[in-house]
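Order as written gives the chain letters A, B, C and D; numbering starts at 1 within each chain.
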Amino acid sequence: MNLAFAMTAASPALLSIWLLPLVGAIVIWTLGPQLRRNAGYLGSAFVLVSFALALANFGAAGNATGLRAPLVTWGPGFAFGLQLDALSLLWTLVITGVGGLIHIYSIGYMWTDRAIARFFAYLNFFVFSMLTLVLADNVVGLLVGWGLVGLASYFLIGFWFYKPTAVAAARKAFVINVFGDIGIMFAIFACYAATGSIAFSDIFAKAGTFSEPLVLAICIGLFIGAMAKSAQVPLHTWLPDAMEGPTPVSALIHAATMVTAGVYLIARFAPLWNLSPTAQEMVAVVGAITMVTGAILGMAQWDIKRILACSTMSQIGYMIMGVGVGAYQAGVLHFFTHAFFKAQLFLGAGLIIHALGDEQDVRKMGGLYRKMPFTFAAMLTGTLAIIGFPFFSGFYSKDAIIYEALEHGHPILFFAGALTAGITAYYMFRMLFVTFFGSYRGDVPDAMLAIAPPVPGAYAAHDDGHVEHAPTWLMQAPVAVLMVPTVIAGYLTIGGESSPWYRYFGTLFGHGGNVAGVPLAIPEWASTIFVLVLVTLGIVVAYLRYGNPPALIGAVDRLRGEALKMPPVLAHAFYVDALIATAIVRPANALGGAISRYVDPHVIDAGVRDVAWVAGMLGALFRALQTGLVRAYALTIVVGAACFIAYFAYLGTAR
Amino acid sequence: MNTPQLVIPYVSADYAALVPTFVVAVTALVVIVADLLTPKKMRRAANVAVGIIGLIAAGVLALQGWGHPIAAFGGAFVNGGFAIVFQEIVIVAAVFSLLMSYALGREDQSGGAIALMLWSASGAMLMAGAANLMTVFLGIELLSLALYCLCAMSSRPGARESALKYLILSSTASGFLLYGMALLFGATGSVALSAFANPPASSALFDIGAGMFLIGICFKLSLVPFHVWTPDVYEGAPLPVTAFMSVVTKAGTLAVLARFAYAALPSPHGAAIMLPVWIVAALSMIVGNVAALAQTDLKRLLAYSGIAQLGYIVASLAGTTAFGLRYAIFYLGAYTFMNLGAFAVVALLSRDRDEGSQLTSFNGLGYRQPILAGAMTFFLLSLAGLPPTAGFTGKILILASAVNAGFVWLAALLVVGTAISVYAYFKIVRAMYAQTTGAPIRRAVVPASALPWACVALCAVATLVLGFYPIVPSDVLPLVK
Amino acid sequence: MPVDIANYISLSTVIFFIGVIGVVTRRNPLIVLMSIELMFNAANLAIVAFSKLWGNNAGHIFVFLVVTVAAAEAAIGLAIVVQVFRRAKHVDLDEVAGLRG
Amino acid sequence: MIAALVVVPILAGLALYLVPRSAEHLAKWIAVAIAFGAFALAISQYGAPDESLRWLSRPFAANFHVGLGKGPSFWIVLLLTLSTGCALMVTRVPRARDFIAQMLVLLGAMTGVFIARDLLLFALFWDLMLIPVFITLVAWSPTKSNATAWKYLVYNLVGGLALLLATAAYGIVQGTTDVIGVDPKSLATISDTWALWICLGFGFAFFIKTPVWPLHTWMPDTYADLPAPMVAIVSAVQSKAGLYGFIVIGLALFPGVMHAIAPVAFVLGLIALVYGALAALVQDDIKRVVAYSSLSHLGLIILAIFSFSPIAIGGAVVYIVAHGLFSAGLFMTVGEIELREDTRLLSRLGGLGGRNPKLAGGLTIVALAALGLPGLCGFAGEILILTGLYRAGFVWQTVVALVPVVIAAAYMLRVFQGVMHGPEHDDLPEREDLSLLEGLALAPLVIAIVLLGINPGPVTHLDTFTRSVAAASAQSTLAILKK
């Protein structure tokens, strides 16, 4: 029984990058109670070492083969291993880099929480799962990572498990993720049936020979997985609810890394997607729809974290649309930049929430720029980056996607992209003005601001009082560090095709090529100007509604008016949740109830009970025959004898 | 015309064939004498001891006759392998019944009872070798008459009633049997079974005669239409007598049936004659087990179970195949051990007055006497035909012989019967192991006698060994000179 | 001319079935015992007739055997009947129904 | 030595009755020693030659032929001895000595089923393993009524008798029943009609024992009423006897008939798959949830076997062992919960996670393995089976089989969260967390779950001819489907 891993051929660096976070998770879980706070330092250390190793191997991953580590083989065609090529290295760097910063930030954020050790064990486990997902060299390994990441997000969303809302949100997230898993499983079966192996190299080598419907089927399967994980419509409902988890979790998982797994999946299977234009079309359209829906929902939220969650949904819509139209470099670039500025926005929001004693509703904030200048600066840079303000990272990646959509012959998507950029600008600045300008509304009674009373038992204070505060630098340092890439991350793509970004990926994605129709004859700078016009329009509208002096003074009644007049469609997020509940959840429970209450006891058991009853009756009947009277017995015997004699008489004469 | 000399045509070899039967009969006399001589206290022990010694001696003597079969008294009594095997079974049953009787019954009657039991055993041994009508009739009547008295010999209320019922019904059946013999004799002109093989003078007479003969036999085997007497008599009679009766009457009658079916019937026509017997056997399997479902008294339950078990054994004879007979004999042996084992456990549970045959006396036995409960479970497993017991192997053999002889419908009915019987037997297992629902009747086991325990142990070991190593007697084809 | 064998057999059959009906219908145990004797003797008659027909004496020996057995059975039968109905005022088989079910 | 795996536990079980009733601890540790001893012995016998002893020669040749080999028998015996050892460590039952004796007899009988290489011996142990469960159902079931015991007995024994009749018939027709593990080509071919009836007899018994959809109603009640230690090994192993039978007897000896009944079995498997999953969604009693979930999981294994694809059958063996591991783990954890809170109804449980993290940790891992979390053993089995099914051409069946995977996630989380998460109920008494012993009892199962999840390779080993039969018939199935 050789269960030992095939260590020899593996490169030790790749294995240690992969296993360090797992070791961290196990160590922290077992030694949890003793460690308490320094569990945070330990956890961050493990992730940052992994990050350093990944950086060290930057060169090695660049060349074609990259690092390889075959692990274990289940059977014919089921060989598992790790690989580090350009795409997975980028993701690894972001996961361990941004992850490490968020670990440090979490030390401060969770300073007073009793279960801080368990939190860091889960965070390390999450990093390990995400690394499994991106480092796998085969599709089943990818699915293993996919499932483990879903599990880690389940643990972290439901971290404060005594909150029923958190528990429900965690379960919803996990079940929708499993729904995505079965999509990928279907793709695995199709690939294995066609190629006899699960390794990416074999699949892509034989990709040419696949029939058109088969490629489409595989792509649909994969995309279902991507939709669930990257919260695309209609499987997006879990993302806003996932904000029940602690803010660092939202930053790391539901902003920077996990939700972008769908983008990674499509990028990884680029050779397959290029073969099927209809699949690409489908991906692009769904991406666009999610982009627009996310933006519209973003306008209607009052919880600061839900605004950012909806904006994440919208930005991922951008990335999916980007890879959907074939602009892989642009899509991945937007993932790269988005990881930084969205993490920064979330951590900024975390600072606000931490400072205001866990208050998350923007209507209770206001006028914070005077008291928290550093946070204001961080949030401002983040906002400028996300709306695509020139010379900020978002500008380069977002405009690239919008233009590539046009260049690849999708005029409708081009306009959708541009419009969403405008709406993004509007709701981001709406958040800025409401939170940082005007006067502080913390002490205004909820009723005045039309805030619904919290659900009973929904939220129990978790930390036992502010015994002592974490050093503020511990939380602000990561945000400061993140500000740098938020600004300069876009500069990597200056220089078009020959820029370091495009050279880095080389021919990994093959050539997207023009997909449909003849491109409109407008140059790139024209589309950029058009987008900027829409963005400034968005900012102006936001300023008029929330920013100008009269609005700031009458903020309380304005906000109350807006909250009351909020259209129900938006308030219930297009009723998607209700739709899923009535269409799937309720009938399943009803059917299950019918089965266990009616079919089993009455239909099936009844049969057996009747047979047993009949046997019992017969038994009683024979008992009744025994009357005890001698003459009755004699009669029975004589009757029996008569039958015998009759038979033998017939027999005798017949012979 | 010379004066008729008194020439006894029989040589010493003829008498040698009957020696085992004589030894048993004489032992009965010795028991009566021993009962007279020994002091009151020692009387029961002495009687049982003498009885068992006599039986064992007879058993050993019978075994010596194994290799060389002889037809004594001009074919009246054929002492071959077939007869010896049945005689051994009868002796074993008698020994175990004596072991059981040690714990029961009134002091003063033990001498007479044991003597009667030995005489009925010798009657059964006579039937085992009977090869002509007279010996058969003599054997059956000797067996039955002794049993009528035995049934009555107990102060229990039902005893005398069961004796009366048994007498009236059994005599009626003997009447049918005798009338059948008369017709057979009339049709063939001879009383020897061997004479029936050649075509009879008038086939009508022969068939009706054979029919009535079989009625008598089926009554004794308590097969279904003729089984009505069995439950009442088994319940009424004292426990050791019931145990003895449940095996010995069936063993002897089975020997007669086998000899009649295998050797005495003209082959082509024989099958048609025996067909009603196979049908009756099938009926017994089903009715026996179903009726057992509703029983609460253990002796009645074992009565119905005996009916069903005999159904299995006769089913094995179906088609009168050679291996069918051998497996029937093996299953009879297994039946003897498991049945007597079960009766021995009931004997251990009974106190002087009321016998422990009520189901309630088994409540919670699993905790009070785990070993006894284990033994009882083992016997019930065997009766139900579940592994690893002799019953299981026996049932497999019978299934195989029935299927091979072409009676697949009989095999299927056998499985159905077994399925029903499991519920009946496992009611007792449930009673033993169920959490003490009703108040457990403190039924102390009679400490004094170690003999019933020996009987339980012997039966259990036999059932286990036979289960794994079925010793099937080989050359037992019944010889009819 | 000698009486034809058929007559003997038919007579014995008639007697036999009278005995059987007697056992089934009568409530008095003594009558029942007598009916059983009838059945036995009917068989004896048949055996003797057949023995005469076939000319060998095996039947006669058989008859002696049957007679002795019938006598023994009658004796035991009466003894048991006395035991059962010792204290009963009148003798009735239907009273004897303690064991049932 | 292999025979010792059967004889020693049974004899020890019976001998335990001699141990005084008060010495419960002694009895427990003897039993644990025997179970783990058997585990070690089984490992040492990996691939060891068979052992045979002459038994019957009259109507047909039958021997006491036992063997482990490298195939499913070996792995299931390992699973059995391991789970029994673990279950015994945490036995806290009234009248423990008698209970432990029944457990040992059950261990011996079940081992016998899986190492028997003779059909008659297989039938013998098949019936024998029902007795201890019946006695336990009668003696230790919480509800006073014995309805469950009778339902269990009637269902299983009718199956057992059908098996008996089929074995006898096979013995007569073939001349010998010493056929399990023998290359079918070397056996005389039996006529179709006989083969059909014999295989139906076997199939009927195996379908009841699995259980398959219409014949399953005995299972939830039995699992709910049995005490936790016994239900752990019954659900883990006894329910696999039917599937093992199909693989080792059905595929090897009656490939033709198996093809004939494949469509019916497929439909029943699919129904069981979906039916079990849906029913598990709404049960209030945790044990019933796990019972219906195993109905669903075993339906998937039925599909795998009747797809005749070598990968799927290899996957089936993996999933048999996997299901054994996590259902044993689940039932033991539920047993721990029931010991602590005297209830296992989800409506009354909740919020235990805060006070007992170790118990929560244990339940997490087994629950996740049960819902097929990638990386654990449940997923390994599922992936192999479904890949094999798809490759054998059953496309839409695979899609239908994927739906219960999602439902599994829903009901397993419902159980886990119902017990561990949510606000703490004040009416539930305060109980201490898992003791070291209870932790040690769960540890081997958890380790096995993770190890099997990482590398199920060796477990998919099938005897050469089963694989060849499967492969041969897989092509024919594909041919049929292509037409």
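The rule is short, and it goes like this: a residue touches a chain if its C-beta (ideal position, glycine included) is under 8 Å from a C-beta of that chain, and two chains touch if they have at least 3 such contacts.
Every value quoted in this text rests on a predicted model; they were computed, and no experiment measured them.
Engineer: For the chain pairs A-D and B-D, which is connected through the larger number of C-beta pairs in contact?
Structural biologist: Top pair by contacting C-beta pairs is A-D.
Engineer: By C-alpha centroid distance to the whole-protein centroid, which chain wins?
Structural biologist: Of all chains shown, the one whose C-alpha centroid lies nearest the global centroid is D.
Engineer: Just give me the whole-number Å value for how far the CA centre of chain C lies from that of chain D.
Structural biologist: Averaging C-alpha atoms per chain gives centres 66 Å apart.
Engineer: Taking the mean of the C-alpha atoms as each chain's centre, how many Å separate chain B from chain D?
Structural biologist: That pair's centroid distance is 44 Å.
Engineer: Averaging only over C-alpha atoms, locate the centres of chain A and chain D and give their separation in whole Å.
Structural biologist: Here chain A and chain D have centroids separated by 36 Å.
Engineer: Quick one: report the Å distance separating chain B from chain C, using the average Cα coordinate of each chain.
Structural biologist: 26
Engineer: Residues of chain A that contact two or more other chains, please.
Structural biologist: Correct list: 623, 626, 628, 630, 634, 638.
Engineer: Considering chain D alone, which of its residues make contact with at least two other chains?
Structural biologist: Residues 150, 154 of chain D each touch two or more of the other chains.
Engineer: Of all residues in chain C, which are in touch with two or more distinct other chains?
Structural biologist: Where chain C meets two or more other chains at a single residue, that happens at 20, 23, 32, 96, 98-101.
Engineer: By the document's touch rule, what are all the touching chain pairs in this structure?
Structural biologist: By the stated definition, chains touch in these pairs: A-B, A-C, A-D, B-C, B-D.
Engineer: Could you pull out which chain A residues touch chain C in their complex?
Structural biologist: Chain A residues touching chain C: 623, 626-631, 634-635, 638.
Engineer: Can you name the residues of chain A that touch chain B in the complex?
Structural biologist: Per the touch definition, chain A meets chain B at residues 615-616, 618-620, 622-623, 625-626, 628, 630, 632-634, 636-641, 643-645, 647-649, 651-653, 655.
Engineer: Which of the residues in chain A come into contact with chain D in the complex?
Structural biologist: Answer in residue numbers: 1, 3, 72-76, 78, 118, 140, 143-148, 151, 154, 158, 161-162, 164, 167, 170-171, 174-175, 178-179, 181-182, 185-186, 188-190, 192-193, 457, 460, 588-589, 591-593, 595-596, 600-601, 604-605, 608, 612.
Engineer: For the complex, give me every residue of chain C touching chain B.
Structural biologist: 9, 12, 16, 19-20, 23, 29, 32-33, 36, 39-40, 42-43, 46-47, 49-51, 53-54, 56, 58-59, 61-62, 65-66, 69, 72-73, 76-77, 80-81, 83-84, 96, 98-101
Engineer: In the complex formed with chain A, which residues of chain C make contact?
Structural biologist: It comes out as residues 20, 23-27, 32, 93-94, 96-101.
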